[in-house]
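Here chain A shows up in two complexes: once beside chain B, once beside chain C.
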Partner chain A sequence: MNEKNSSLLVYTLIYFGFLYIPVLFLPIFSFNDANYMSFPLAGFTTDHYEEMWSKRNLHKALWASVKVGVVASVVSTAIALLAAKAFVRYKFRGQNVSYGAIMMPFLIPEIILAVSILIIWINLGLPLGLVPVTIGHILFCTPFAMLILIARIEGFDFSLEEASRDLGENAWGTFYRVSLPLYLPGIIAALLLSFIISFDEFILAFFLSGSDATLPMYMWNQMRFVKKLPHVLALGAVIIVFTTFIVLLAFWLRNVGQGKEKQDIAIKL
Partner chain B sequence: MFQAWRNLYSKSDNAKAYSLLSPALFLIILVMLIPMALMLSFSSFTQVSMMEIDFTPTFQRYIDFFEKSLLVSLLIKSVKISFIVTLITLLTAYPVCYYIAFYVKKNKMLWLVLLTLPFWTSYLLRVFSWKIILGTKGVFNSTLLGAGIISEPLTFLMYSEEAVIITLTHAWAAFALLPLYVSLEKIDFSYIEAARDLGLSKFEVFWKVTFPLSLPGVIGAILIIFIPTVGDYVTPALIGGTEGRMLSNMIQAYFGKINNIPLGAASATIMLTTVILITAIVSYTTKRLTQRLS
Partner chain C sequence: MNENFIQINGISKHFGNVKAVDDVSFSIKEGEFFSLLGPSGCGKTTLLRLLAGFEYPTNGNLLIDGSDITALPPDKRPTNMVFQNYAIFPHINVEQNIKFGLRKLGLTDDEIKKRVDDVLALVKLEGYEERFSGQLSGGQRQRVALARALVRQPKVLLLDEPLGALDKKLRDEMQLELRTLQKEIGITFVFVTHDQQEAISMSDRVAVMSEGKIQQLSAPNELYKNPENIFVSDFIGETNFLKASTKSKDGEHINVAIEDLGDFKVKNNLNIPENSSDVVCSVRPESMMISRDKSDWDICLEAKINQTSYLGEMTRFYVEVSGINKVITVSSQHFDNQSFENNTCFISISLEDISLLQKK
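On to the complex of A and B.
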């Protein structure tokens, strides 16, 4: 279609405004010299950022989220990589059922996943904390990581692996020298995006973290107090910038070394 | 013997595929299916006191649920709110995806990044930004007050069903954009050209060709918004107040303050059943619709 459609363009721009502007209020008010978030702005300050930095509990929550995020993203990407390879490489009985089963955490309200893990965890007599949160995040991140990896591996020339085996390399050597370098951009993209999902995840952490707050739980606990809102805004602004950076990095990595046509396919996933 | 197994293994794609899949399937079984089965069995127990649960199976919790008019009305309200949110999101997001799929030629990459980015930003923060906008001393009220349009802050903005609907529509929009865009982008343009050459009007081309071909994306978008919003906890808790409360907030209360785990498990099971039923209805109707249209 070579024609133009300016009314649709205007509408699209307005829609993107609706999508992006509300979130921009966080950084705007994080520099505002007042405890209330209202117009007109009262003046520029970085006090809220200093206050944020001085909170011991925030440091603890940040560290908790990083630990959970790293473990969850590494484990779920490893599981997802094996699964993705099975779906791309082989045609097998029960393929659709297996695929549906692995994607199921997508199709069930998160609160139900959280509550059922909570019940089993309590009944096993185990203490709530970061361990059940991490396990929940692994469940939740695996389908995402798998979709990203399938998009990357699709079209991979598996004869390269066979050639390596024929030349006498063992399974590990083949993986390490042939497959891994080719999969690597996809793996890193899956790691980064799983990390972000875990880092921002709230519901599972809310039910399972007990007294070990992750960063979203920390924000949630502070949001109840009007006086503490400004430093939550500062924290929110930092998180948004950090997330955006990681996601753009992941997009870029995922597309490295792929042709134009494949790029278009890859970004859709 | 070992060699024989090895040969069998190397010949069988099934065995290879399932050994690669086993960690993922174990994860699903151990962390999702078994816990969900346990939740189901807990919904048949009775909470006797704070710490004590009677394990005699009974249907009483489900009867309790439907006898408590609050729970039933919250279930209906959750479904209603999600339905409205899904509808608004579809209607507003479709033209955007349509534009990007068919009209954007230059810098398509940039548009696609813009489309995907909100999907990854923190859900909690997206909801929180609406608290800033709609609050009594928030952006909206302070702007209207400053402009002299109102003399008292509008208190009905926050803590209402409408506030929950607006917030959810914004927070989940990103999830609708992707499936819609993908299905529109896939459409082979020669179909549309053929329809035009046959003399169909612009509206007819859209209604008879483009829209039916984009149905998979529409179903995807419906499910991907409807399922999580029915069970949403954050938005009603942060924005909804008592007016905008949804079923999840009660489920949370049963597992927390009220401490009635069996009734909480029954409520969660009823929510899950509702979601499954609606998913089935949506997929079935769209399948029929696609058959009729083609």
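On to the complex of A and C.
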């Protein structure tokens, strides 16, 4: 290995260390037998994990986050699928404007989105809770889902849909038998990522959830009491593992089937 | 045999200001191998897509076997298409691709199996049932696309430049195979191509298109021997254009003054009027000869040859006739192989095969 490569290696190690060492403290301290996050470690325990089983509010918050996450990811992926198909397949008036409009929640500060929804919701005289949180999450997840789906659909050969129509399938049959199976990895990737974004989201939940805490809200509330810190660390560690798994799965799915298409092109050339 | 199996009546298709197909009317016979030939952008593919139902005409109507299909969606038409890129479904195997279009035909399992087996034998793809598109060569994909369309036993098979992606040798083989296949099954083929050799060698009749209009519709040999306008004469094969003007008619013939060459009597198939100055004579390379000695052909001119370029079947000569530079293309078999460059020799033209054409 020459000098240039070793300096690149050092840089890479520092970079990844910077990224992941803080995150690693969480699981380390979650097994530490103490209420404070400080060295030296006081001994190994799984008590903090066992403690999670008995917290009714934690279970309630988890269930709330799952409900919000499922609804938000399904709705935003459905919207994103229709939008992505339209943007890739057709050229129409106002295309750039509507693309920008859908991407907007991705770009404007989340807190502004949260406050705006809060103001409208209160002026409508509606109670805060999981419904406005879900609506906020749909707005927030749709651009992510759309970017994933556009990437998938852009490689799609639309003469396949024409071939299906030509072979006697109507528009729905074509969607079901040709488009959906070929978009499916992208759709699942979009669902998973939207779910994770919703599941981890804090600011919208902070403003809009009222007394129905989601999981990040629950963690925020517990952090105020020193004694409750350890089981939040344990919870955090579980969430990190779960999230990492889902994100890896989503990225793997996004590329499924693309390899074969590349092979296709290679043979054609 | 139904002479008007496919009727195209006053069909136009406009995309914005572009008239892709411009008021076209003709009929295609039952069981015919019919080609739409023209350069890219001439409207041939649009016309095919109108027949398939992927586009709807701005004006006019379409009939197949007596029933009006103008407003029918693609899935309700008695046509099937072989796509330019074949459009094989990548997520299912060859057998499932072929069965794809049979689902709604209400066949029993036995009938489906028989049809699939028959069509696989027809396109010589037995043993490839389990393969996926990515595991097939270009020629095999083409056969899958063909099988998938034919298994539905359409009244009309539409082919959109299906041989374009294949290499020369395979293309020649497939031309012959397609032609044989079509004769065997007797289904009407409508074939789109920009390759004149392909259209001429395979078709019963060819419609040459340009700028959204049919320039000429006739049998392949007629296109070559009796082009009806300058576009067709220029597009089909090589030719030499000689400027001319007409004089008096003489029965089926007409007297013309060919620029720089003098007065001659030629056939007047297109009934071009007398005293028209906007005409050209189209002379095919095989109606010309270059020789060292004077010949007894209808026209024999002394010329000086400045340069030659050998094109295989044809040779191009850059000549000087009575002090005027001209480029002529002559069939290579019509001269002996010695160098003519910078020599005086004779250009002979046979008037028998000259086509007299009118400029627009």
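Details
Just so it is clear, the second predicted complex is superposed on the first by the 255 of 269 C-alpha atoms of A that agree within 3 Å, B and C clash if a C-alpha of one lies under 4 Å from a C-alpha of the other, contacts with A are read in each partner's own complex, and residues count from 1 in each chain.
What we mean here is this: a residue touches a chain if its C-beta (ideal position, glycine included) is under 8 Å from a C-beta of that chain, and two chains touch if they have at least 3 such contacts.
Only a predicted model underlies this, so the values are computations on that prediction, with no experimental measurement involved.
In the superposition on chain A, contact of A:N5 is made with chain B only, not with chain C. Of the two partners chain B and chain C, more chain A residues are in touch with B.
With both structures placed on the common chain, the touch criterion links A:S98 to chain B but leaves chain C unconnected. By the document's definition of touching, neither partner reaches A:V241: not chain B, not chain C.
Once the two complexes are laid over each other on the shared chain, residue contacts for A:A42 go to neither chain B nor chain C. By the touch criterion stated above, A:I119 is placed in contact with chain B alone, chain C being left untouched.
Of the two partner chains placed around the shared chain by superposition, chain C is the only one that A:E169 touches, whereas chain B remains out of contact.
Legend: residue contacts after superposition of the two complexes on their common chain; A:E110 is shown touching chain B, with no touch to chain C. Residues common to the contacts of chain A with chain B and with chain C across the two structures: 263-264, 267-268.
Residues of chain A that touch chain C in their complex: 157, 159-160, 162-170, 173, 177-178, 181-182, 257, 260-261, 263-264, 267-268.
By the touch criterion given at the top, residues 1, 3-5, 8-9, 11-12, 15-16, 18-20, 22-23, 25-26, 29, 36-40, 78-80, 82-83, 85-87, 89-93, 95, 98, 101-102, 104-113, 115-120, 123, 135-136, 138-139, 142, 146, 193, 196-197, 200, 202-203, 206-207, 216, 219-220, 223, 232-233, 236, 239-240, 243-244, 247-248, 251, 263-264, 267-268 of chain A touch chain B in their complex. By the touch criterion given at the top, residues 13-14, 16-18, 20-21, 23-25, 27-28, 31-32, 34-36, 38-39, 42, 92-93, 95-96, 98-100, 102-103, 108-109, 112-114, 116-118, 120-126, 128-133, 135, 137-139, 141-143, 146, 170, 173-174, 178, 181-182, 185, 189, 223-224, 227-228, 230-234, 238, 248, 251-252, 255, 261, 264-265, 268, 271-272, 275, 279 of chain B touch chain A in their complex.
The part of chain C that touches chain A in the complex is made up of residues 52-54, 73-75, 79-81, 83-85, 87, 89-91, 100-101, 103-105, 132-134, 136-138, 148-149, 152, 165.
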